[in-house]
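Common to both upcoming complexes is chain A, partnered first by chain B, then by chain C.
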Partner chain A sequence: MTSWLFLAPVLFIHLLVVAVPSLSSLALCFTDWNGFGKINFVGFENFIELFDDRVFKKAVTHNLIWTGLFLTVPIALALLAAFLLTGVRRFQMFYRFVFFFPYILASIVNCLIWKYLFHPIHGLAAFFRDIGWESLATSPLTTKETSLYAVAFVDGWHFWGFLVVIYITAMYQVEESLYEAADIEGASKWQKFRYVTFPSIRPMFLFSFLIIIIWSVPAFDYVYILTSGGPAYSSEVVANFMYFEAFRNMNVGYASAVGALMFVYVFTILGFFWTLRKLGWEI
Partner chain B sequence: MRIKNLLYGIVASTVLFSTAVVAKTDVIWWEYSEEGSGLNDALVKYIQDGFNQSQEDVELEIIFKEGEYNEATRTALLAGVGPDIISSSGATYVAKYASGGFLMSLEEVAEKNGWKDKILPWAYNTGVFGGNLYSLPKNYESMLYFYNKTLFDENGWSLPTNLGEYEALAGMIQSKGMYPFAYGSSGWPMTHEHLAGNYLNTVAGPDNVYKAMIGEKEWTAPEFVEALELLKKHMMAGYWSGSLENYYAVGWDDFSAQFHNREAAMLQIGSWGFEIATALEGDEWGWAPLPILTKNGGEPNYQLSVGGTLSVNAASKNQDAAAEVLNWIVSNRETIVEFTKSRDFGAWLMPLYYEASDFGDDVDPRLRDYLVDFSERTGKGHYGYTTWTYYPPEAGTHIWKDMEVVWAGDISVKEFLGEQQELWEKARKNNELLPIAAR
Partner chain C sequence: MLFSQNKLKGALGNHVILMILALTIILPILILLFNSIKPDEEFGINPLGFPETVRLMNYYDAFMIGNYAKVMMNSLFLVTGTLIVCLSLSSMAAFSLAVLNPNGKATILIGIYLLVGLSIPAQLFILPLFIIWKNLHLNNTFIGLILIYSALNAPFAVFLIRSYMVQLPRELFEAAIVEGASTIQLFTKVALPLSWPVFLTTGLVVSLAVWNEFLFAVTFIHNEDFKPISSILFSFQNMRDENYALISAASIMMAAPLAVLFILFQRNFIAGLTSGGTKG
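Our next item is the complex of A and B:
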């Protein structure tokens, strides 16, 4: 009982500012509310319309590609960089800072830098044009075949430093004696990583895996600033789609249905990891 | 006894003075912040201070909001609070606010003060919903051509009057290594709707646009297909900034520079483009209404647009004082002219009945010619429709956001217009159409 009393203030605030608004938002997904006037109950109409919406389907596909990209490229690079950095003795803090720096920059700053670099008239394209590499003289952000990957690249560029830092932190927790034993056995650098480092940092690795999957669902700021989902919805993602429906098209009920599906997806992922944990995985 | 009387006197005068101060009614007005451009300071000088100095009963305070202004307003209104005077981006928002019961009807105030005789009728009507006036138009705009007159003279070019001349001119400009038009959508992708609106009004024509808006014609009619096919053809030919990719990457600063540096010969933009044109150094500039892009051309029209509105909050405790502020604005044409003149007529050009003498001799004659020509031409019925003033929300978003899908070749113009038709029907069914006066 005492523990509940201690928890009560926090629970109350949570209910007030998180749970109640979230639940009321979920309730809106069964309505046609436009954000101002009367609220009419429409049952599952929003969901039926959503599953037939070409832009929503495109956005979901892009979110899956986005998740796949972030689960591979930044993780692989961060693991490699972190492992190499643990062997560096001098200026280690400096290197850590260098890798972490893009992560602490505001997204608008990162985006403006890359928007300029990717500009087809003034940016890198102009440089490539000057040296005669015409095929590279295009803007990946304004070409529909590359826009999603270009936005993911910019977001990944700022994000991977975060992974480097958490992996380094985990790697420093690994028992030095394990490396000494591996040295005695004549293990190569790769073998040490494969059989000592990686198993030791697996909980942190799985944690990063989980947060990447969850954070990929509401991916919004980089898409909104760099391309607004364009050109021609080629970089559209679910959160941007939801924003447009709610605040441009004033379909708050419809946007809430998108939010509800995002909610269900995240809970499914969490349930999956919770099951793994129950099965004895260290997460 | 004297001291006692003196004390009574002091107390009585203090009470009276305090009452007088307390009796002043505060009116709060939320407005978009445009700190960098100096518009905030000008608004305070001409409107806030101007009104406060004109009387002693009401104290007006304009509070500038950063970021997504409409969202802040919507949240406040839903919470039953918000400012006494509400500013919005246009009729779409007014329609939603009014349907939710968040706005006070200005009908009585307008009638009492003769607003109909002061405000241009087409602009007045954009604030009328269900027979009641809910908003005042803050600024009016139209789409225009700006061109580098010196460049035109040097090359012997003349302004086009029909489709053939338009395409020939674009070809001549491109052969000189320049872009026909400086323009781009970076940072403001709604520029697509400027182009779409231009082609709908100059190829299909405003009569057809009007018929489609009131439901007498389908948006999939051949005239509209032809208009947007032509837009796509010209976009692919690089009329705007050289290519579609460049157009997507170019923003306001870039296309202003293109026009100033002779990288482009013309600029197809709203009347707010006077700000760019007047900054042209070294060369002369000129302006013209958009030509009619058909084989034989025709009488040019100005697309009507209201950029921004003012309303009174239905939950305001000071509705009468707030309405008094609005009436002061409508009734003080001289102040408004002085204010908009200080902004090169790019902001706060309220659609009032102006006369040439209102503008004085110090106004650039090109600006004055535009204002007079706009009044005369629209008065004769040569007017079209901007998408952001007359389209319902979803069709209004679709016209620019999905235009990219057409340009990417993912859907045809016909399919795109079919989607437009569906969205207009949906809006009609949900009673979401915006007011359109009969032609």
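Our next item is the complex of A and C:
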């Protein structure tokens, strides 16, 4: 009984802040509520409308591209850096410090660093103009073709060092004798990575896969601060779309439907991984 | 001889690549530092380099225009408030799960509940939460945001503190019970004093999360008097879009306290922030 009394306060605030609003959202997504006024039940109308919404479809596509980008570029870079780090003694702590550093900086600070560098007049554009490379003197953030990638780049720039740290932790748990055996066999660096390091860190690797898929869904800060989804929705993502429906247009029902879809997606992914684990996959 | 030379060459190759990767992080941050001490007039002719004339007054200007004395206090207040609420409530829960009822069905159930809570995207609950907070008159208040931050950081804090408390020797608690200690005394006199290292780690990670938090800060605080540093910096850059001297100085002022903490407690930060991963 006393054990519950000690649990109660945390459960209370967590229920109040997360569970109750989440459940309300799951109920409100079947209504046309606008924040005040009457609540009408509209069934699946919000979802039908969403699947017909050009901007929403664009945002979903961008989220998928975003996930794909994060599953490849930062992972590859981090694997490379972590593997190289295990091969050096000197300055190892220095590199680790540097790689991890952007991860502790606020999203707004990271965005301001890159907003300056990617500015159409200042930053790198001014630099390229000075040395005569006019073609490079544009802003990737305000160009339709590149805006999404530029935003993802800034977010990835701040994130990949996190992966380095979790990979290197796993790499140091690999038995030294395995490397010694590989050395005796005359294995190359790549062979050692491919046949010793990688299989040993597979659980951590899959874990990073899972968190990237899940964390890509609510990606918001970098998009909102850097481009706000523009120009012309070229960097729109689902979280930003939902935010504007919710707090600009006060479309409670519609925005809740977006939130509900994000929730269903995340838990489908989690369920999928959980099932694989139950089936005896080493995850 | 040949072997050691080979090894040296290999390490040199590693260093070259690692240094290039490190520079992609160091240079942008260095440019931010340069910009923060560059006179505004110099941006046109010297976009990336070290300033020809150092102008430390940028910091003073940003401090005064952004009213940073007040803003820093707001953020500090949010961090302190969240630390007090979140850590005290989470440590109670962790104590309950680790010591009072370590193997109960409830423990597993609560564990699953908190894990699910951690994975829910904020977009699912932020709008109804906003409406509830409006009706409770908690919008635009510190306490409203502190409650949100405490709840959002609680699952992480509970897991981290619990994982430390389960390792405390059970004999200590049994001995205290024999001497007639009440449950509350077990918590305050035995569990808490012995777990202080985990509080340092948890506290640092929670402070970092609150200081840097953006989404809930811009959503729940609209009154300029209560805005924390992240949302002030956001409106600051919207207001003076072209004055990068001031914007950079303001950014450095936001990043500096955390950078200092990170240098001092690098191990704790990394252990805390990657704890989900290393236990995964």
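Here is the rule we go by: the second predicted complex is superposed on the first by the 266 of 283 C-alpha atoms of A that agree within 3 Å, B and C clash if a C-alpha of one lies under 4 Å from a C-alpha of the other, contacts with A are read in each partner's own complex, and residues count from 1 in each chain.
Keep in mind that, in the parts below, a residue touches a chain if its C-beta (ideal position, glycine included) is under 8 Å from a C-beta of that chain, and two chains touch if they have at least 3 such contacts.
All figures in this text were calculated on a predicted structure; none of them were measured in a lab.
Trainee: Put the two structures on top of each other at chain A: do chain B and chain C fit, or clash?
Mentor: clash
Trainee: Should A:Phe247 be classified as contacting the first partner (chain B), the second (chain C), both, or neither?
Mentor: In the superposition, A:Phe247 contacts both chain B and chain C.
Trainee: On chain A, which partner's contacts cover more residues, chain B's or chain C's?
Mentor: More residues of chain A are touched by C.
Trainee: Per the contact definition in the header, classify A:Ala181: touching chain B only (first), chain C only (second), both, or neither.
Mentor: In the superposition, A:Ala181 touches no partner, neither chain B nor chain C.
Trainee: Looking at the overlay, does A:Gly37 come into contact with chain B only (first), chain C only (second), both, or neither?
Mentor: Once the two structures are laid over each other on A, A:Gly37 reaches chain B alone.
Trainee: Classify the contacts of A:Leu64 with the two partner chains as first (chain B alone), second (chain C alone), both, or neither.
Mentor: neither
Trainee: On the A-aligned overlay, A:Gly230 touches which partner chain: chain B = first, chain C = second, or both, or neither?
Mentor: First partner only.
Trainee: Taking the superposition as given, does A:Ala76 touch the first partner, chain B, the second, chain C, both, or neither?
Mentor: After superposing on A, A:Ala76 lies clear of both chain B and chain C.
Trainee: Does the superposition put A:Ile48 against chain B (first), chain C (second), both, or neither?
Mentor: neither
Trainee: Now for A:Leu11: first (chain B), second (chain C), both, or neither, which partner does it touch?
Mentor: The answer is second: A:Leu11 touches chain C but not chain B.
Trainee: On the A-aligned overlay, A:Leu141 touches which partner chain: chain B = first, chain C = second, or both, or neither?
Mentor: first
Trainee: Which of 22-30, 40-48 or 76-84 in chain B clashes with chain C after superposition?
Mentor: 76-84
Trainee: Can you give me the overlap between the chain B contact set and the chain C contact set on chain A?
Mentor: In chain A, positions 35, 115, 247 sit in both the chain B and chain C interfaces.
Trainee: Which residues of chain A touch chain B in the complex?
Mentor: Touching chain B: residues 34-37, 115, 118-121, 138-139, 141-144, 228, 230-234, 244, 247-251 of chain A.
Trainee: Using the touch definition from the top, list the residues of chain C that touch chain A in their complex.
Mentor: Against chain A, chain C makes touches at 10-11, 14-15, 17-18, 21-22, 24-26, 28-29, 31-32, 35, 43-44, 47-48, 85, 89-90, 92-93, 95-97, 100-101, 104, 106, 110, 113-114, 117, 119-132, 147-148, 150-152, 154-155, 158, 183, 187, 208, 211-212, 214-215, 219, 230, 233-234, 237, 244, 247-248, 251, 254-255, 258-259, 262, 266, 269-270, 273-274, 276-278, 280.
Trainee: Touching residues of chain B toward chain A in the complex: what are they?
Mentor: 68, 70-71, 74, 77-78, 92, 96-97, 99-102, 186, 189, 241, 243-246, 248-250, 254, 393-394, 397, 401, 404-405, 407-408, 410
Trainee: Which of the residues in chain A come into contact with chain C in the complex?
Mentor: 2-4, 6-7, 9-11, 13-14, 16-22, 24-26, 28, 35, 77, 80-81, 84-85, 87-91, 94-95, 97-109, 112-117, 122-124, 126-127, 130, 157, 161-162, 165-166, 169, 189, 203-204, 207-208, 211, 214, 217-218, 220-221, 225, 238-239, 242-243, 246-247, 252, 255-256, 258-260, 262-263, 266-267, 270
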